[in-house]
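This report refers to the structure that appears directly beneath it.
Just so it is clear, A, B, C and D label the chains in written order, and each chain counts residues from 1 on its own.
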Amino acid sequence: MIDKTLKTCAEAVSRVFDGATVMLGGFGDPGLPGVLIEALREHGAKDLWVIHNGAGQGDYALAGLMDDGRVRKLTCSFPSHPGNKAFANRYMRGEIELELVPQGTLCERIRAAGAGLGGFFTPTGAGTELAAGKETRMINGREHVFEMPLSADFAFVRAYQGDRLGNLTYRMAMLNFNVPMCTAAKHVVAEIDELVPAGGIDPQQVHTPGIFVDHVVHCARHPVLASKVNLQNPGRA
Amino acid sequence: MLSRHGIAYRVSIDLPEGSYVNLGIGIPNLIGDMLPPGKEIFFHSENGILGMGPAPPAGQEDIDLINAGKQYVTVIPGASFFDHPTSFSMIRGGHIDFCVLGALQVAANGDLANWRTPGEKVPGVGGAMDLAFGVKNIFVTMTHVAKDGSPKILNNCTLPLTAPRCVRRIFTDMALIDVTPDGLVLREVAPGLTPEQVQAKTEPRLTVAADCREMTIPEKYRAARGAG
Amino acid sequence: MIDKTLKTCAEAVSRVFDGATVMLGGFGDPGLPGVLIEALREHGAKDLWVIHNGAGQGDYALAGLMDDGRVRKLTCSFPSHPGNKAFANRYMRGEIELELVPQGTLCERIRAAGAGLGGFFTPTGAGTELAAGKETRMINGREHVFEMPLSADFAFVRAYQGDRLGNLTYRMAMLNFNVPMCTAAKHVVAEIDELVPAGGIDPQQVHTPGIFVDHVVHCARHPVLASKVNLQNPGRA
Amino acid sequence: MLSRHGIAYRVSIDLPEGSYVNLGIGIPNLIGDMLPPGKEIFFHSENGILGMGPAPPAGQEDIDLINAGKQYVTVIPGASFFDHPTSFSMIRGGHIDFCVLGALQVAANGDLANWRTPGEKVPGVGGAMDLAFGVKNIFVTMTHVAKDGSPKILNNCTLPLTAPRCVRRIFTDMALIDVTPDGLVLREVAPGLTPEQVQAKTEPRLTVAADCREMTIPEKYRAARGAG
């Protein structure tokens, strides 16, 4: 019988190696794999190349990982949130390399990797400093920029429901980067709010088919995230 | 002169029923509350929401329901959730009808600069470029002049561009200006202002539309004239 | 109030003009907009460029449209089904132009158009006769073929549930080409099994958000399709 | 010699539990019924299904549930439905572990020809190229020789290619042959056959594996030796 469940996030991150490329899902708090990221902090792997929309906030999860000095490079669209002190400090000291990518291009590059494409032309960014040095081409009378796929060794996401086969659903705005990231990494782990039996998710409502997922871990959400609001909150232990 | 809410109010008039609209942070965020009851507009958020409603009452926030500005939001009946690639397909594919953005500078040809402030330590672009390149109608809302009184509508942007030639209409506390192939056209002035006063605070030459008029703005959305 | 419902498929196809490009959804029978295609036959527009996975079967829907001599060009992956006599006859007489595209490339080109991309590189087809004359590029050590987006004037699909806002869901294998086609045409119409109130579809379960859809028509499925099986059949009038 | 079911049976042994598998039309379609109970394999269909089960009993077909071969199918618990772009992302993105396809010709270097038959009037490719280019392990099932007795395993394919150098393992009614960087390696022969007899029906030179053995195939799946 296929069983992709793991008992702990520690186990789930145990394969991460120094220098690994790691996609971290979520946009803001929804979909953020806070428990896996804390496990990754405990685990100790360093020189990580992190792919995420932002640079973390406060002192938990990704901001904590940055604070610990474990991130060598960050590919993201929006590291400039005022709450990102951990990143800002290290970036200004030249300790973290930054690859800044428009948000739509970032998620499309991740999708392209998962879909086995060799890259694509997008109008976004043409003629701006973010396209400096990139190949451009006129297509249907409009300038386009060539963008390469973006893959990773590991992808960590938070989902709502999951089953032993790795099928996932997301609540509301949790889908965000998690859907494409699950397709684009060699090793994909989802922390989930609810573990349901195989068949417990309507086949028409699976957001991430199990083929894309290696492991699921059923656990309460990261305490900082779970504590943020009181109502309508499935992440409370 | 208009207050921030006055600018938002004026934009709200130009959003037709049934349109799909993405609102940026700041003044654009005030637009939702300005719509008359029953005027159905679908608000899009880059992080995967179509059909955002008003902010939730305190204590009723849902941990999984935020907008692109990381604020807790609600959804209206008929809303949908989707992943980032789908969300940016809506943007880049031209499916969103209007995007209302703040701006640092707008040039006479519609060039927009709004993503990189001078002297900032950490640059961040987010979805600004995707929106500016992808959405059919880019509306800009901003104060007409910078804090030091210098014009923000310029012959050429001096800050890094978000997208070239993308702005269609500019809404400020002083005026409503269209970007046209023939240059900037002044369509409306704020209550109490003259076209000449607007021109004085605008670097490029404005063509005053034949039917240029004073905006119809409720008293509560007017503001004392600024120092600029 | 937004209301995208139309009473009849005749009304829904009334804007189709001679020479138009028309995407027809469905793979086999699931998702096939049979009623809309019959309305298009009645409507009379000719010189159509049809984009569909196959070339139709039997003498209904697309096969009927071909038989009527209304299709100038077909872009598809699999026109060689033994039941496609209408297409085969006209193709061999040189009356229909055929653009043959691998199925994955076909749906990705449609998606690219809907997503506002200028084209992409795919490994599929490199070194085969279907890539003859196309631009190729070595990417990460593998030969890739450049493929352009594929858009249309009209897209017609069959969905399961729909609301007045154009939100759609699909049953089982109905999703197929319908999801990308709804994003890639100027004018999109869905015929639907059930009309539900706004909010009647869980926002997490919307397959095609209403932003992509111009009109929905609530009608029984095409009689040939509805008659095919007896059980589990929501398409029966 | 093996029957068609015998070839399918032999393939089924090589599909590990937990694998994601796409089955082509013809012999590959027989593989699902050959799996021992409890061996969990997820079958993928190009038209948007993961987790296909056995064919439905007559009268219980669902009008919306067909496979890529347009046959009515069922799904097992844990199945999922998705659109074409997602389905071909699974294929092209290397997420499917095995694809079992029929073939017209296979070359010594793994070139596959299976989409265009000689003299056909209307060409059709379907998802064949996507599968051949995208899936990690391409298994081919076919009769060892054509109806006229000529070999189908050739030094070079003469028919238009589906994909170059894609085939990993060939299952025929006479043998199991691996495509390796060093050429074709004969791993197993059908019951009653010798490596020499297989070589006689194969154009490229076969390397006989040191542990080459006779297949273990139930009696019911064996066939009388064909005319070829």
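Going forward, contacts are C-beta pairs under 8 Å (C-beta built on N, C-alpha and C of every residue); 3 or more make two chains touch, one makes a residue touch a chain.
All values derive from a computational prediction rather than experimental measurement.
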item: Longest centre-to-centre distance from subunit C, chain (CA-based); value: B
item: B-C or A-B - the one linked by more C-beta pairs in contact; value: A-B
item: Centroid distance [mean C-alpha coordinates] between subunit B and subunit A, Å; value: 30
item: Rounded Å distance, subunit A centre to subunit D centre (Cα mean); value: 36
item: Centroid distance [mean C-alpha coordinates] between subunit D and subunit B, Å; value: 57
item: Multi-chain contact sites of subunit D, meaning residues that touch two or more partners; value: 75, 81-82, 85, 88, 91-92, 134
item: Subunit A residues counted as touching two or more neighbouring chains; value: 108, 111, 115-117, 122-123, 170-172, 203-204, 207
item: Pairs of chains satisfying the touch condition; value: A-B, A-C, A-D, B-C, C-D
item: In the complex with subunit A, residue positions of subunit B that touch it; value: 45-49, 59-66, 68, 70, 72, 75, 81-85, 87-88, 91-92, 120-130, 133-134, 160-164
item: Parts of subunit A lying in touch with subunit C, wherever the complex brings them together; value: 108, 112, 115-123, 137, 139-140, 142, 144, 148, 169-172, 203-205, 207
item: Subunit A residues touching subunit B - in the complex, by the definition given at the top; value: 27-31, 55, 77-81, 84, 87-88, 91-92, 98, 100-105, 107-108, 111, 122-130, 160, 170-180, 207, 221, 225-226, 228-235
item: Residues of subunit A that touch subunit D when the two form their complex; value: 1-2, 111, 113-117, 163-165, 167, 183, 197-199, 201, 203-204, 206, 209-212
item: Complex interface listing, subunit B residues touching subunit C; value: 17-18, 20, 38, 40, 42, 44, 50-51, 75-82, 85-86, 88-96, 134
